[in-house]
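Lettered A, B and C in written order, each chain numbered from 1.
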Amino acid sequence: MRKYLRLTGVFMKLSIMSQLEYRVNFISGVAVETGWMLVKLLYVAVVYRVGVSIGTFTPDHIMIFIGIYVLMTGFYMLYYPNFTGMGKMVQSGELDMYLVKPVSLQFIVTLRQWSFPMFLTNMTAGTILIITGWHRAGLPVSFLRVAGFLFLLVCSNLLTYSLFLIPNLLAFRTVSAAGLDSATAALWDFNNMPCMIYGKWMQRIGTYILPVFVITNFPGLFLMGELSPVMFLWAVVSPVLAFILARVLWKKAVRSYSSASS
Amino acid sequence: MNPYRCIFQMGIEKSLEYRVNVLLTMAGSVFPVVLQTFMWTYLYGHADAAASTGYSYSQIMIYTLLATLVSQLVSTGFAWQINDDIRQGGLNKYLVRPVHYGGCQFCSFLGEKIPQFLLLLVAAVAVIVFSMAVFGLTLSAARVFLFVISLLFALALNFFLFYSIALISFWLTDVNQFFGTVGIVLVVISGGILPLDIFGEKAVFLTRLLPFGYTTQFPVNIINGRYSMCMVGTGLLCQIFWIVSFAFLGELLWKKGLRHYIAVGG
Amino acid sequence: MAVINVEHLKKEFSYYRKETGLSGSLHNLFHREILTKEAVRDITFSVEKGEIIALLGPNGAGKTTTLKMLSGILYPTSGRALVDGFIPWERRNEFKRRFSIVMGQKNQLWWDLPASDSFYLNKCIFEIDDQQYIRTVEELSELLAVRELMSVQVRRLSLGERMKMEILAALIHRPEILFLDEPTIGLDIVSQQKIRSFLKYYNEQEKTTIILTSHYMRDIEELCERGVIISQGQVVYDGMLSGINHLMGDKKVITLKFSEDISPKQLAPFGRIRECRCREGVLELPREGLRKTMADILSGLPVEDFTVTEVPLEESIALIFRKEAVS
């Protein structure tokens, strides 16, 4: 475990150094992400314009949900290039070089490159949205709330990682991932609004079967004191289940790579 | 054969080559529409949204369904091509021939658009028929005709807009990411995601004044019946005004840029 | 004692046929004709500790696939292999610490950073203590003459310099076994020579066991005494490289220079003519009776100068391949 933490640190350092080699790209990366931010903020603007409440949630509460979505996007973007690069890695044979290293292959393949421009933009904007919403909605700031909220964010990150790794495993079968990428990205964007606006069935599917809604909605609900103990449990258990599933499928994919290619 | 016609045909072939890509991009844009459909339905169901946005429920739904289509239709991808031409010297092959570079780009652009246009037209007709059935949209032949006209104008306007932006490559290196940012921002301020005139008087004024809304928001608002015939008329005139302005700006930038290009040795 | 033992290794992989065009793609979507190909059919050999051996064979013979199986990258379809007491494809970490693989066409260095950063990463991955790491890098960079290049971004290095860095990165953990797949591919002659002499020196110093594949015969002739020749997934020769000539009929090549023009007719009685042009001729003669034949040539023809050489190794090997392909 110590070794992996240390390696993560080295990977991050090397990634930052690589990215600073191209300073213009770093800055324009922030610019592009800011452009996309505009799209996300448009929804915040609409909510305030219409002034609607979703159940007991005022626009301020909704802003917290959108803020969590933006923040989680930032975390996801941190290691996202590894996911999209997997296909190329398999094709170029770069994967072979990692197969012979005495470290977990999944670790080195999925958490090798860290992309900071997009992360910084999203994290800043997300944090501002959450804190503003929190303050405006007059929600209490207690240690338990904050700690629980941060804990659930950690769970959400694990869930994101596991859930979105799974479709990318198709890269091992040298399936072109371009279409896949836009489909999973679109799935992610459903969290731009709190899940309460969707129909009953869609909410159930998005919570229990393909738990994307859990990622951004549950930490928000907890913050507002609306997350039932059962749901809290699900927020903790679902990432573990998803991770186990991703791990099993990962091993299967690597196995088939090792036996099917030459 | 006329060189421009030839380039036009090559454009068609190029876009057919990447048909899978086209289909995938279109499929990817369906999801945001689903999200917005849910959102508006919820908002209109739980609050007097019509009062605050100025759009009726059916208008906003038709807008949501059509804006993505129109936005994709007018979208351009040649800025990168122009940047490459300028950076890697591909421009030279145009300079030594008796053709106009901007004209070539325009024909290629139109050629690439044709297959997509036909595809999107089918989708648009489906959306309109669906809207007539579900949202009680009524259409006159005149409105449909004006919609198509405004769409063609929007196509031309967006071309000249991006052509002018692309020519910035003459002066700036490493603009590829910059084009990405501009692309997203322009989609937003053209109303490609949401109509921008829902944000009050000032927004309405600005969308009418500035050229951007005329590429997406204006054509869609013709078909959903938000604009009166009189407003459609002035809108079309505005479109023409902006097309001419940007065509002029493009030509100016081209001439200045070319002088710069030759001066620094290409 | 053999450190690498390979027995009846076999590797099949399946693929499917795709007809050209869109209709072919659509057809493939529903019905795929699965075909099997044997990349490695039956390979058996063993390597002693400290030995350098060459794996030879034409493209597609199964050399790289064999190396990949010995590194544990690929699972074999059947057969056994034991590398330093480990079954490679179990991918045990203790095993991974004992060997290294360098593939000439793949790189593990971070492109935009100086190579030293990638070395440091390998240090962390292989958990090497600071002292040993510093010593290794200093020593190897000295030997490979890349000291001044340590702080240059990899993308700015020449191909030869980059290859040296790749080799250095692969040796950071002082592996006991080294697999080299085309380490000199695409390099100029000087760089090839440098890498060769480094490998030779390193092998002598560290007693590292090395398996090498290369297209350049010079690499192989200089580094290896023993070669395993693979053709169509099977071992067709395993033994001393010097023995190959013997196997192929034991011939010598005689290059002759004459004081006047000579015709092929005049040369024909002495042996097989390889070349005959104006005042130059190249003959292939059996080793047996060489003295007598030479004496006949020297007395019968206006010879000005001559040299006697072995049949080039690549020719003998090419002959083996051709024989295999025919049979």
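Going forward, a contact is a pair of C-beta atoms (placed from the backbone, for glycine too) under 8 Å apart; a residue touches a chain by one contact, two chains touch by 3 or more.
Values in this document were obtained by computation on a predicted structure and should not be read as measured data.
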Item to check | Least hop count linking chain A to chain B through chains in contact | outcome: 1
Checklist outcome for this item: If chain centres are mean C-alpha positions, then the most distant from chain B is chain C
Item to check | Identity of the most central chain, Cα criterion | outcome: A
Checklist entry - Using the average of all C-alpha atoms in each chain as its centre, how far is it in Å between chain A and chain B? => result 31
Item to check | Whole-Å gap between the CA centroids of chain B and chain C | outcome: 58
Checklist entry - Just how far, in Å, is the C-alpha centre of chain C from the one of chain A? => result 46
Checklist outcome for this item: In their shared complex, chain A is touched by residues of chain C numbered 11, 13-14, 37, 39, 65, 68, 71-75, 77, 89, 91, 93-94, 96-97, 99-101, 103, 105-108, 110-113, 117, 120-121, 124-127, 153
Next on the checklist: Can you tell me which positions in chain A touch chain B when the two form their complex?
Outcome noted: 24-25, 28-29, 31-32, 34-36, 38-39, 42-43, 45-46, 49-54, 178-179, 182-183, 185-187, 189-190, 192-193, 196-199, 202
Item to check | chain B residues touching chain A - in the complex, by the definition given at the top | outcome: 20-21, 24-25, 27-28, 30-32, 34-35, 38-39, 41-43, 46-47, 49, 52-53, 174, 177-178, 180-185, 188, 193-194, 198-200
Checklist outcome for this item: Residue positions on chain A within touch of chain C in the complex are 3, 6-7, 10-11, 14, 17-18, 21-22, 92-94, 96-97, 99-103, 108, 255, 258-262
